[in-house]
Structures are given as structure tokens and as C-alpha cells.
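Attaching a single structure in C-alpha cells format; questions to follow.
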Amino acid sequence: MCKNCLLVVALLLVISSVFWPNPSAIEAADGVHGDPQARCKNCHSCEKPTHENPCLLKCERPKEVSGIPDSATHGPDVIFLDQLVGLYEPVYFPHKLHADMEKMGEGCAVCHHHNPPGRILACRECHGGPSNPANLGQPGLKGAYHRQCLGCHREWSHKTDCNVCHAKRSEIAGKIAAGTAIANASPGMQDTNFDIMGSLHPNIETPKKYVYKTPEVPDGPIVTFHHKEHTDLFGLKCVDCHRKESCARCHDPQSHPPHVRNDPHQDCEKCHDVADNCALCHVQEETKGFNHETRTGFPLKTFHQQLACAQCHKEGRPFKKLDPACQNCHGEGWIPKDFDHARAGVKLDETHQQADCKDCHTEGLGKPSTCSGCHDDGKAFPGSVPGTVVQPR
Amino acid sequence: MKLNRRGFFQVMAAGTATALASQPAQASDQAQASNPNSIGMLVDTTECIGCRKCEFACDMANNLTGQPVKAFEDMKVYDRERRMSENAFTVVNRYANPEDSNRPIYVKSQCMHCLKPGCTSACLVGALRVGDNGAVVYDAWKCLGCRYCMVACPFQVPMYEYDDPLTPRVRKCEFCHTRLEEGKLPACAEMCPPMALTFGSREELLKLAHKKIESNPDRYIDHVYGEKEVGGTSWLYLASREFEKTGFLKLGEGAVPSLTEPIQHAIFKLGLPPLALYGLLGAMMWTYRNGDEYIDPGESEETDPSA
Amino acid sequence: MHEPARAEPARKEFWTPGVYALIVLAGIAVVIAIYRFVYGLSAVTNLDQEYPWGIWIALDVATGVALAAGGFTTAAALTHIFHRHRYEVLVRPALLTAMLGYTFVALGLTVDLGRYYNMWHPLMPSMWQGNSVLFEVGMCVVIYLNVLYIEFLPIVCERFIGAVHLPGLLARFNQPVDSLLRFLDRTLSRVMFLFIIAGVVLSCMHQSSLGGLLLIAPYKMHPLWYTPILPFLFLLSAIAVGFPMVIFESLLASKSFGRKPEMHVLTPLARLVTLTLGIYMIAKIADLLIRDAYVYLFDGSFESWMFLAEMFFGGFLPMGMLLSDKVRFSPNLLLASTTLVVLGVAFNRINVFLVAYQPPYAQKAYFPSLGEIFFTVGMIAALMLVYRAAVTIFPILPPGHKPSSRVLIKQEG
């Protein structure tokens, strides 16, 4: 039986190898990828491209296939364009700053157009030399640089002066210093709430809240969006919501109308479950904003108030309920024997320093103290202070 | 030279019947216009940033005013529309952009280097001529200074050195033909920072222009200025806004020499109409040889000679 | 050609107050010309990058050619080709006008040309550019000027044969020069008919081509004037102005030299004017109607008024006048009506070359400078001076003081 099977399989193989169309036959018959005009060589550099290794030609191809990331996970921080160093000072190009901005756009491909999947190509790898007589549509390196920069910069700054980029020597020293600062900045610093694209961009004063009227929802005609809360408190970065914006929308609002979202829910639903929960946002009147105590029962006092949400809710958004016990965050041995009570705003006098924490904070640490355990003279906080009031640190 | 029959009929029509010749002659042979060696320049006005560096490059390359680059960084010149002058073969003008008032449209103007130029057809000594590559060049040595080229140019391009009493020249862009011979690009195209000027073969540039329009229909209007205007020009323009609103002229597709050359060809290349007239007059002279007599002033009398 | 004198040098005092005035005007023109040659065109003219041609082209050249040749060509055609010999008396003054007119056209052009010293270039076959309308105009004018000089030679011969009196040492050449003149006279009288026909043909060619000059600028010309038949209209108007010019000259000369106007030929000639002028007017109106350009006639623009004024004062008014017997028989009214036709053609040339010419990027209009105006005036004055001098030297005008007996004329050629 197996002999026959093998024979049949072998026969099939031979027949198929004879009738199996070779690549050029595919091309000649009806083009490739269903496009009668297409030719393999137009896009592929090797003889037999495979799915794993398509060996796509770099630079412009009739059919664009872009497989590059839409956020700058790697890439240089600063690039010096010094091809014309004989004529001009080198141009300082803060790549990282722009790469970060592309999160707001459509990814790296905005600038690195016509890039095949894989390695990201530098401008000069395609746009080499002064200009390409064989491909007049492809500008030379100078044209590529200028078009790429000016394409956006004149959109919003309207500045096309040469010295915006071609700086004098004294100026470039300052820019190099600033660039090094970005490059050396600690990740934590770049994660601060205001930083949208690196420290070179000035901080943006964000609006406190927006109050939207939604008369189409009779049960909740008002939606309050506490913008500042989201950026400051919840630690959202601008780009988390503001995607596919252009610089000009902020920098040139007269001629560029604000972005109108097709579906206003799409930003909220990234964090909030809004599907069947209209009343979460649509309410009868303007809301006051987030209050940790009313929402969770855990009041945020002096210290906790200063923290960003993520510093306690370490697992990130969406924030989940935490065990309110101190040691849950602070660990078992959190309270040291030599706790400097002055940090809490009251420097204890010698008598009270002797007492154990729980002697006074009978209801728990962080809660008001009970004096009646020891005092029968009616002294009580805050009428009487067990020491001197100081500035909490 | 091939006999231009249309031209012959043209002159006959003009000479015999006013009613028949009420239409301007169309370009007789469009095919003649396409020269495969023809060079061109594609100006993408959407890429132009109005930096005036082309003016500076042109000034340097042609030894015009010799002003430093700083003189060309003055953007106040955009407050009024400028035209070329005998000392500036190219100028950039700014036009309002209704879609974005902060981002105006800049248009560079210079000689368009027509495929069938009015100026070369007008010049009676061939001081202006179309080179093998299509560049319209000038030879001051031949020039008479009659300025008919200025009259004939539909784009109002040739400029004249009126201040020069001895050797005034007609001045205009000559496509940097000496630089081209050295293998360099025209000065403006070489200098242009955003490479809004693309130099190449006119045929290729036309293909590129249409490809650009096709792939960016939002960015460009579907019209390549210079493709057909006055029989085609070597300089081609792409724009985001109707050309008439950014300083371009609305011109027909016929080359202007087609309005005069057929008549000239009929007269010079053929010589028939003058000879025919000559013969006709000779015949009349013979026919009427027994005309009336000389009338002495003393014997005036009234007769109707036209009778 | 040795029939008894039907023309003789005018016998009148040359130096009159009018002549002095002409000398002053001509002197101003000379000063302006010198100034232009030293300091350039911009120092004297209002020409600029927008308006390359001014009144020196429109008047000195275009009008000059139309008026000078128009008169002679029509007179020559009438007398020599159609053999209406009664008008013979008008041919020599017209010939002199044409010859001087063309000489002054050349002089005026010299001042207007930027590189006047290259004027000989169109004569070099290596530089011939047959596509150019201006080339044709230039060649025709040059050849025609020579034809005119040749046609004038018999008058020189007539004046000097047997009367060559060279001064001083040159006196020894008296005999050879006299023989040369006699030889020329004999030869020319045999072949003159060739030159006469050539003159008419050349004249027709470049009169029309002069109108063809502006055909190449369709986008700059006002539609009232821009028409494909502009060359034809120029030819018709040159023919139309021919007889009026001859009448105008004759009457003016009669007045100037205190003679009896030659009404016996002028009146029938005036009748012919109604025909030539009528054809021109009909062609012009038909052109307007066929091209649908009449819509611009009454749009109240400057151009429309100029066109209407040209048509009325240069066409309808003199036409109406000449149709009346009273006008044609009255020297003064005839002078007035022919002056209108002459000025009308000048008006037309100004309109075509200056008013209709509207460069698309022009920011202002052209108006001639004082220098341009006075140079043109001075050129006309100088022409009149030379004309006056010529008629006192050469037998141009008919004998004015005593009527000669009736003579039968031999055929020429």
C-alpha cells in the first residue's frame, strides 16, 4: 500500500514541478499581486523574494510597503547634518525631539517615507548627491532636507529664514549643550507630566477643564472633562490622547482649525469603560472633579496628595483598588523607631517623644490622635499641641 | 524648406477676402514643436518658500548687480508685485493663499523659453534663437536694438538696457546655457534650497508633473502651466491654486509665431504673391497703355477717372 | 523724357519767416538726437520695459511710411500703370515726398534703434531671418528707398544735363559727369517701367507687413484693433491716404508758393478718394462686425473713445465732406477734408501701435516725453525744409507762373 502511496506522491511531485509556474511566467501572464502593470524587479531586489525575506527595494517603489514602527523606540537623539559644512555651519537636528512628536502624527513613516520593513534608512541613503537625473521626482539631499523640515516648520512658524536652521557658530554651541542635556536626561525627568516631546519644548499651560453640553443625552446633558487632572494627576501624556495632530493646530490656530474628533468617546474609552455606562460622564450638572476620598473612601492627605496616581497604583492604568493598609505600600517595617515626627508638622516635646505611636494614634497612623488615653485634663488636639507646630517637610 | 500650404492660403485669404480671414491662424505644425533634446525646468510652486536665493544665484551667474546675498534677504520686496528688469532675469512674487493666509504662494518668473518663441520669430537678424536644447539664447553682436522681441513676447519677458547709449542689450534668462555646456545645472536650480526647481528633459518633466498631480490631487490643481500654453514652454509650473490668480497669464495653445510666420513663409519662401502682383501690374500697364492724355494745367476739365 | 518742361524749379524766395521757424524746430531735433546718442534712450524717451515702442515708431516710422509711400504709390499706379496721365503733374511732388519721407524714416529709426550701427545687419544673408515680419519690412524699405532714388534720378538728370558746373578744381569733371547723366537718363528711360512696378509691389508688401508687425502680439492688443486682417487694413488705409496725401501736398505747396491750386486734377482725384477711403471704411466696419469686436465700441473705455474718434474724424467726417461737390471744388474745404484723412491715418497708426498695445503686466500707460514729441516735430520740420529746398533746385512742381502749351506725352518705357 505504501509503495503505491509513494508512487502517487512522487508522480504528483513530478507533474507539479513541470506545471508549476516559474516566477517570470507569473509576471508575464498577469503581473504580480493582481496588478497587471507590476513587475517583480520594481519592488524586490532579489531574484526570489520570500515572505520572510521580501528584499524590498529601499526608497520609492510603485507599491508602498511600510513596516517600520510608529514610535521611536530607538534612533539617534541628535543628528548633525554637515554635508555642506564647507558652506554652512552644521545643522543641528534634534532627532529625538522630532521622533517623540511623531507619536502625535503617524509614526516614523511621516518622515521616513518609502522605507521598506526592517532597518530605518537615513535620508541620505536614498537622497544621495545633488539630484538624480534618472529619477527626477526624487529630490537631492538638499531638497529632501529642506522639504522635510520646511514642510512642517513653515506650516506653523511661517519662518523660512535660513538662520532658523543654519545657525551661527555661537548659537550652535548652545544648541549642542541643550541637545546633550536631552540625551543625558534621566528617564524619570522625561516622564514628567508636562514633557510632551523632550525638555526643549516649552511647557504647555493646559486648560483646567472642559464642560461639554450634550443635549442629545437628556439624562445627562453635561459632561465635564477635567483636563488638567488627567495630565497632572493621572499622568497622561499629551500624545496619549492627542494623536494625528499637527504642530500648526496649536502654533497657528487661526489658519488651522482644531481637530474635530469623529467620535469623542474614543479618547475616554481607552481608560474608561464607557460602553454601557453613560452616566459615568453624562450627568445633570458640572462635576467637581476627582476626589480620592469620595470615590474610594481613602482620603489623600499632605503627603499622599503630592503623589502622582501611578506612584501608588504601580500597575498602571486602569488604576485598581489598593489595600489601604500602610504596610501594603510602605512595607512592614515602614515606621522607623526614630521617626522624626516633625515631618508631620508637629515637633513633639520630650514627654511625648517617649510615647509609642499607637498611644496617641489609636485609630491608626495618619489619623487624628486621641489625647484622652493619657490626659484627663481635657487637653485635646488641635486645641493643644504636643510640642511645637512646624512646617511639615 | 517645405512649402507651407496653409500659410499660402493664409496670405491669400488676408489679401483677397476680409471675411474669410477672421480667425487667427492656429499653430500649423504642432509636431514640429516637440524636440526630444528639449530641456526644461519644472517649478513646483507648492515647494517654493520665497527665500529669493534663485534671484541671488541668477544675479551671481549672470554678473548682474553683484549685490551680496544680504540684499536678497529683504522680504519687504514682496509687498508689491515685481517684474523682471534688465538687472534681474528672475524675480519671485508672493500671492495670497486663500486656504492659509499665513502661508502665501510664491511664484518665480523668468523667461519661459517657449518651444516656438515669439521673440525669435520677431528678431529680424536672428540675434535671439532657439538652441538645440530648446534654450532661447541671445547674441548681442547681431542685435539692432529694435525691441520687436519685447513686443512679440507673450510673457513680457525681454528687458532692455535703455540707459546704455552705446551697447544696449536685450536682457533675459538664457537658461544658463554656458553653465549647461560645462555640465552644471542652471544657477537657480542649483541654489534652490527646497529644490522646488527640477531641471531635466522636458518630456521627463512633463511625465513627472502629471505623476505628481495624479498622486497628490489635493495638493495640485490639474494643470501643468507651460505644457500647452503658446505652443508649449520649456519652463513648466505646478501650483495649488488657479494660475491666473498667482500672476500667470491665461494664454491660448497656439504659438504666437503661427500668426505671422505663415504670411512670411508665403512671401519669402515662395515669392509667388509679390511676383504675381508684379506680373499683374505689368499686364495692366500694358493693357492700359492707351490711356488718357496729359492735361495741361491751362485746360482743366472735369472727368471721372474711376468711371 | 525730353518733352518740354512740365515741371521746373520753383522760383520763390527760400528764406521766409516760416523757414526760420522750421530751422529752429529741426535744430531742436538735432540737439535731442545728440543727447540721445550720448546719454541713451532713457534720457530722452519715456520708453520702458513695458512699452518698447513709442511715437518714434508709431509716427516717425509707421505713419511716415504710410503717408510718404501712399501718396507716391497711388499716384504712380494711377498715372503709370493705369496711364491716367492727366495726373502726371502730381507724380513728381509725390515722388519727392516719398523719397524724403523714407530717408527720414531711416533717420528716425537710426535714433530709435539701440544699436543703430548694426543697421546693415539685415542685409547680410548670414543673418537673414525670413520668419520675421520686421525683416520683410526692413528689406522692403531698404530696396524701396533705392528704387525711389533711382526713380528720382531722371529728375536730377533733367536738371543738370547741360548744366553741370562743378566748382574749382572739380570743374574738369564737368564733361564726364554730364556724359554720365546723359547715359543714365537714356538707360533709365528704357527700364524705368520695371522700377515703377517694383515700387508699387514693394510698397504693397511692406505697407501690409507694417500692420503684420503687431499680429504676433495677440495677447497685448486691444480687440478693437487686433484683427488677423490688420496687414490688409494697413494696406487699404495706405491706399486710402494716398490721394488725400497728394492733394494735401499739392494744396499746401500751392499755398506756400502762392500759386493757383491745381483743382483741375485735384477735384477728380478727390472723387477717387471716396472710393479708396470707402473701401477701407467698409473693410474696417465689416471686420468689427465679423469678429464681434463691436461690443467694445461703446463700453466707455479710453480705447473705445479713441477708436470712435479715429473712425469719425479720419473716416466718416472726411468721407461725408468729399461726397459733396462743394467740398471737392473748394481748395480750402478740400484741404480740410484731406487733412482729416491724413491725420486719421496717423491717428490709426498711433492707436494701433500705442493705444491698442497693452502689455499684460503694465502698471501704467505710455505717454511720449517732450523729447520724443519735439524730435518728431523737428523731423517733420526738417523734412519740410529739405522739400522746400529740393523744389527750388529740381524741377518738381509744375510751372506755376505761366501755363505751358498743351503737349502730347510719349509713353514711358
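Going in written order, the chains are labelled A, B and C, and every chain counts its residues from 1.
Note that contacts are C-beta pairs under 8 Å (C-beta built on N, C-alpha and C of every residue); 3 or more make two chains touch, one makes a residue touch a chain.
This one's a predicted model, so the numbers in the text were calculated from it and none came from an experiment.
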item	value
Arrangement of touching chains [line / ring / star / complete / other]	line
Which two chains share the largest set of C-beta contact pairs	B-C
Innermost chain by mean C-alpha position	B
Taking each chain's C-alpha mean as its centre, the one farthest from chain A	C
Euclidean distance of C-alpha centroids - chain B vs chain C, Å	32
Geometric centre distance via CA averages, chain B-chain A, whole Å	57
Inter-chain centre distance, chain A versus chain C - centres from mean C-alpha coordinates, in Å	87
Sequence positions of chain C contacting 2 or more other chains	none
List of chain C residues in touch with chain B within their complex	6, 36-43, 45, 47-50, 52-53, 77-78, 80-89, 112-116, 118-119, 121-122, 124, 127-136, 138, 193, 196-198, 200-201, 204-205, 208-209, 212-220, 227-229, 231-232, 262-265, 267-269, 271-272, 275, 283, 286-287, 290-291, 357, 359-361, 398, 403-409, 411, 413
In the complex, chain A residues that touch chain B	130-131, 133, 136-137, 139-140, 142-144, 146-147, 150, 154-155, 158, 160-162, 252, 254-256
Chain A contact footprint on chain B (complex, rising order)	42, 47, 49-51, 73, 100-103, 185, 190, 192-196, 198-200, 204-205, 208, 211-212
Touch list for chain B against partner chain C, complex	14-15, 18-19, 21-25, 83-86, 118, 120-126, 142-148, 150-152, 154, 156, 159-165, 167-168, 249, 251-252, 256-257, 259-261, 263-265, 267-269, 274, 277-278, 281-282, 284-285, 288-306
